[in-house]
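Scrolling down, you'll hit the structures one after another.
Here chain A shows up in two complexes: once beside chain B, once beside chain C.
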Partner chain A sequence: MSTVPAQSPTTPVPMAVIKPWHTRLRERLFGYAIRVILQGLITVWAVTTFTFFLIRLMPGNPVDIKIDQLMQQGIPYEIARNQAMGLFAFNPDEPLPVQYLAYLGNLLRFDLGNSITNPGVRVIDQIAAFLPWTLFSVGSGLLISFALGVTLGTAMAYWRGSVFDNVLTAIASILYGIPDYIIALLLLIVGGVQLRLFQIGELRGAVDPGIAPGLTLEYIGSVLKHALLPVSTYVLASVGGWILTMKSSTIATLGEDYIAVAKARGLPERRILTAYVARNAMLPLVTRLAISIGFVVGGSVIVEELFQYPGLGRSLLRAINSRDYTTMQGIFLVISISVVVSNMLADLMMGWLDPRIRLGKGHRD
Partner chain B sequence: MAERPVLQVRNVSISYLARRGRVRAVSDVSFDLHEGETLALIGESGCGKSTLNLGLIRQLPANATIDSGSILYTRRDGQIVDVLKLRPQELRRFLWSEVSMVFQGALNALNPVLRVSDVVYDTASAHGMPRAEAKRRALDLFARVRLDPERVFNAYPHELSGGMRQRVLLAISLLLRPQIVLMDEPTTAVDILTQRSILDVLEKLRDELNFSVIFVSHDLAVAAEIADTVATMYAGKIVEHGPVNDVFYRPRHAYTLSLLNAAPRLSAGAEELASIPGSPPDLIQPPPGCKFHPRCRFASDLCRDKEPELVSKEAGHLVACHHSDEVLATSREVRA
Partner chain C sequence: MGLDAVASPTGLVIGFVLGLIPLLVGWRYRQWKWGVIGWLVCLFSSFGCGLIGGLPVAVLATSLVISYAFATREDPYTSQASLDEVTFDETWQEYLLRQMAALGHGVRTSARMLARNKVGFIGFAGVMFFVLMSAFGPLFIEYEGEANFSRRQPGASSLFQPPSAEFPLGLDWQGRSVLSHIVYGGRTLILTSIQAGLIATVIAVALGSLAALLGGFVDQAISFLGNFVLTIPQFPLLLVLASLISFNSSLGLALLFAALNWPALMRAVRAQALSLRKRDYVEAAVALDLGLGHVIMREVFPNMVSYIAVNFIFSVRSAMYALVGLVVLGIVPLSEPDWGVMIFMGRQQGALFNPAAASMLLSPIIAIAVFQLSLVLFARSLEEIFNPRLRSGV
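Now for the complex of A and B:
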């Protein structure tokens, strides 16, 4: 404690400078928030820097790629080079540190720059156009598979050893082992080509062309129809993991003393299931959920490409193929920010759900 | 102690289905528990004490079955019900309001994500006790077990020490004023001073609230202090049952005698301490005749062939031993 300055005899000396607990808590929370935000900023900066240099290590640059394309149309190298150089506002000969500093400078002004390969199109506008579709499709896929996984996993743990449990465990293990793009291909081949359940060509894009956006049944129906395949893919690809984790977590929880005691106290099954079993069994899954939310934004690059779904993943793939550095940087920035934010969210949720790790939990005496 | 039995256990057998076969953890157990009586259940680890306790309130694990017997419980209005015949809803309402339990080594007996108050309210609302009354009663009980009522009521389990949690569990076991509290080694997880204070509190509460207790303990000194009657269990059977002074000072079963000689505080002196040779029998294929005969120094051919029945030797003192008179003579000698 700092030394108390000399006091005039008229001012009474306080007995002890103990702040009330809520002030201490607020100060602690404030300090915590600052620390977390600083950590987040540093992480984002590090990832940004890393990707900045990494994507420039890829063979070729936007101009090279364009020259290649033009030469394939039979244009001689010199002319192709001039054309390509003139097309893009990008100078491949500019030294990397200069490019990096310019990029950081713009970033500090929240300017993500223009797309290199689509001159005149701002990166931020591209992200704004594609991000909502990814958020919608991957996000709803994640929530559906989480809800399904938690429900089925709990039920399987309750009736473990039953036919229901055995069959679903087998299915979940198989699904867990198949990557999402294989599932997407299977859906396309089996559903679209062999069973002819749908016309693959009609399902390209996020909505049927020519339908005005709005809260009309027609528009919403069209959105759902186009999202059906990607969302099913995400659900099938991730539900196995949720089911298996929830099942083992529930089985572990069912063996806890406090469940036996709750039963002996004569609590109704419902109350035991919700407040005692499910709540505790879900704790380890919540962290995973929050972290997965961070990866929602990245979308699934290959799945969106396969279904021609206009999300951030597909545009990332296109940006990579044409070496559109600025667009790639913009998308990676969004992904890293969302991962960092969702990690903070995971901490907050854990603290809210589990009092043992709650912040400022103690005014224990 | 009133003469009305609040619990009459008759010929109860319980077995577990294990990988190796059927484990007869409790076989043909009968006893009465009277109003206000504290019965101490003693015996080696694995002899079936916890199984019997859990069986009495039908809270056995899924691989256990109660093969036979009846558990007759006398309600406060005098009506007698067979616990084994209660339907699920009736059983749910019966639990805790009539018979509650303090579990063995239950440091993890409180849900880590719920406050103590939630546990109290959950218990109360499951049995139709109003919230306000539950709170009032919980605070009163917490004070009686020497906890700071308000602080504990609003605490999460991790904010309490092991001894405090144990006292919370003791208090909560009395929340609904049950007639019987089953206590399975309620003090093994706490230090000796906390154990002392829990026992003091328990004795005081019991005198004030007049409930019956079945008290499982490995500590014979504790059992001697707290119990009115003692039952010795061996290999799933009650082999001796009687008033505490009879059983502890005039044991009539060779196994009880060995237990007493193996216990430091009740035996005559340190030089007398003797462990029991051999190990408890296999409960899947128990030996024929008296199950204790392979370890018994009184064993005769009769013991190897014929299982002794639990019979009354003097008022209220039951024993299942062919050589109970010899044992009694020996124990008189030792204690003389």
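Now for the complex of A and C:
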């Protein structure tokens, strides 16, 4: 036992063992990054595989659906089948594993294939056409409601018990409880039909037809006009949750010891509220924001369908109804990638905002 | 018939039989008042909702009776009796009685707190309003399933009608009373959502506590599965799955919602169970080698009941959200009467642009909004009641 060096307290610790903290941090982050990226890739692959087979399990394939449509126009089955088979570059009789391997092979070359029901249109072009509208409408809705929620929530916690607080808490609880599509329908019926504030028919689509895209005042105005209804739906549907979470989080932070210490040190009220209270109270909300960003891309299928807003959600619904396998695949891929990336973002942001996690001292489960 | 959640004579019989449980228990413990009240409540709820309404109420009523009986009993664990007079081996009957008494006591305290909590009471009243309406409404209002072309007003272009004295909520596109569809249309929706919530809760609690207590590979596998389900966007996936399964029964739909709904609660249960596992009494039970089932059912689960109850309500709510959403998009086979189908058909039949049809569209919309709101208010207040740390907060 005498050979164990730790027995003698005078043995100096070799300096090389303890690396400076930034080196340790870099190594930790590097290993962490590789692990996280690998995990993300595996998840995306799993989701892709899962949806690939799931989609093909759905009753009816694109050819069947087209045959149905043609037969409803009075065309006999044989002719309808030949027409439908000729229309689409898709063979429903090809075995599944072959289709799957072909799909994966194309995916590795970043080729999402062509849409089945719109021959000649690449899936990636379809996504590029619809994705910006969803990103724009859902994204701005999310940011507006987050900003509103954080500001109002902090103010409500600060003036707790006042009329302002009570009224807003009631409103926030009500908004939090009502589903988004119900809000959308109410906007349409009350605002559009009963009060005639706007013409529902005119507000369909993303822009007025006949306006050339560009940085003109007319175009931007038209885009904003059309986005107004979906964006206000998203804001109304989610602002309640942000307000309530921020309020309770702020109240919890206000009770912390370091706030009392800051007050005792005589720091100005404004500085306590912004640098001490708001920053800490926002921690849980920021992670939630990052996670919600992932769900932006999935958009809101129902809301986009109700307003006939040409986003990714509505095109997913159409692809599902016409069994457009490749388009569905492409949209699911985009959605799952964005969810995985935003989860990583949430982790990173959490580490950036909360040093306890970054340095590995905090305990997270 | 009695299984169906609608007022029926069979339900009355079931209620009569079920009500005997609290009555007999009340007789055994000389709690006459509470026994009779329990019997009446069982009769009433079974009459309204058959077995589905009767069984839980019978259990609750019995536990209430027992809790009153045990309020005066000397508890061997806390009484002044000397240690060697007390036996720590309780038979399963004693265990059952103690648990029932605890449940009844919990129900009594929560009910008292709920009555004091304004918001929670409003939510509870809202939920009960719709449940009672769906259960007892059919006794008073006849369902109109057939088109009524004779009700067309002279000169009107459609059968839609705004509310009138004869038809309080107006007429729909086939000239049928909207009120009858509102009264009859909530039942399937509420039942399916409750089923989905129950299944999701059971899956989540089972998997969550297994993951936390077994740890290791099981934990990792369950956590990965949960993360996987969370990564797939729920609603788009639901759109695909909904066309995959044929829905002859509401149970299929409920299973589907539950399959997508469990991971969030599972994570929470796992975290809770992990923190509970560190507590002394659980470690003691593990050290005594009392078996996994014992640890889960007797040590961990009772400490999470309130938490799980709140989450059950939330998952009922999200199942309802998804169900109505699917119906509004026309993905699920439609069957009347149903609030979601009313919205779908209203849009199909151009009710959106017809001022006379506003009531036909607004009625189901408001019904769904109020029901969802009531569920949320109720659940949030329960959360406050059970978790005093939140009470100062919201």
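As a convention for this text, the second predicted complex is superposed on the first by the 331 of 365 C-alpha atoms of A that agree within 3 Å, B and C clash if a C-alpha of one lies under 4 Å from a C-alpha of the other, contacts with A are read in each partner's own complex, and residues count from 1 in each chain.
Note that a contact is a pair of C-beta atoms (placed from the backbone, for glycine too) under 8 Å apart; a residue touches a chain by one contact, two chains touch by 3 or more.
Owing to the predicted nature of the structure, the values given are computational and were not obtained by experimental measurement.
Aligning the shared chain A places chain B and chain C next to each other free of steric conflict.
Contacts of A:Ile174 after superposition: chain C is touched, whereas chain B is not reached. In the superposed model, A:Asp257 makes contact with chain B only, not with chain C. Applying the stated contact rule after C-alpha superposition, one finds that A:Gln73 touches neither chain B nor chain C. In the superposition on chain A, A:Ile335 makes contact with chain C only, while chain B stays out of contact range. Look at A:Gln199: by the touch rule set out above, it reaches neither chain B nor chain C.
Taking the two complexes aligned on chain A, the least Cα distance separating chain B from chain C is 13 Å. Counting contacts as defined above, chain A residues 365 meet chain B in one complex and chain C in the other. Across the complex, chain A meets chain B through its residues 256-258, 260-268, 271, 275-276, 279-280, 283, 353-356, 361-362, 364-365. Listing the residues of chain A that touch chain C in their complex gives 43, 46-47, 50-51, 54-55, 57-59, 169, 173-174, 176-179, 181-182, 185-186, 188-189, 192-194, 200, 244, 247-248, 251-252, 255, 295, 298, 301-302, 305, 313, 316-317, 320, 328, 331-332, 335-336, 339-340, 343, 365.
Looking at the complex, you find that chain B touches chain A at residues 57, 59, 91-97, 100-101, 103, 106-115, 118, 122-123, 126-127, 151, 156, 158-159, 169, 172. On the chain C side of its complex with chain A, the touching residues are 119, 227-228, 231-233, 235-237, 239-241, 243-244, 271, 274, 321, 324-325, 328-329, 331, 343, 352-353, 355, 358, 361-362, 365, 368-369, 372-377, 380, 390, 392-394.
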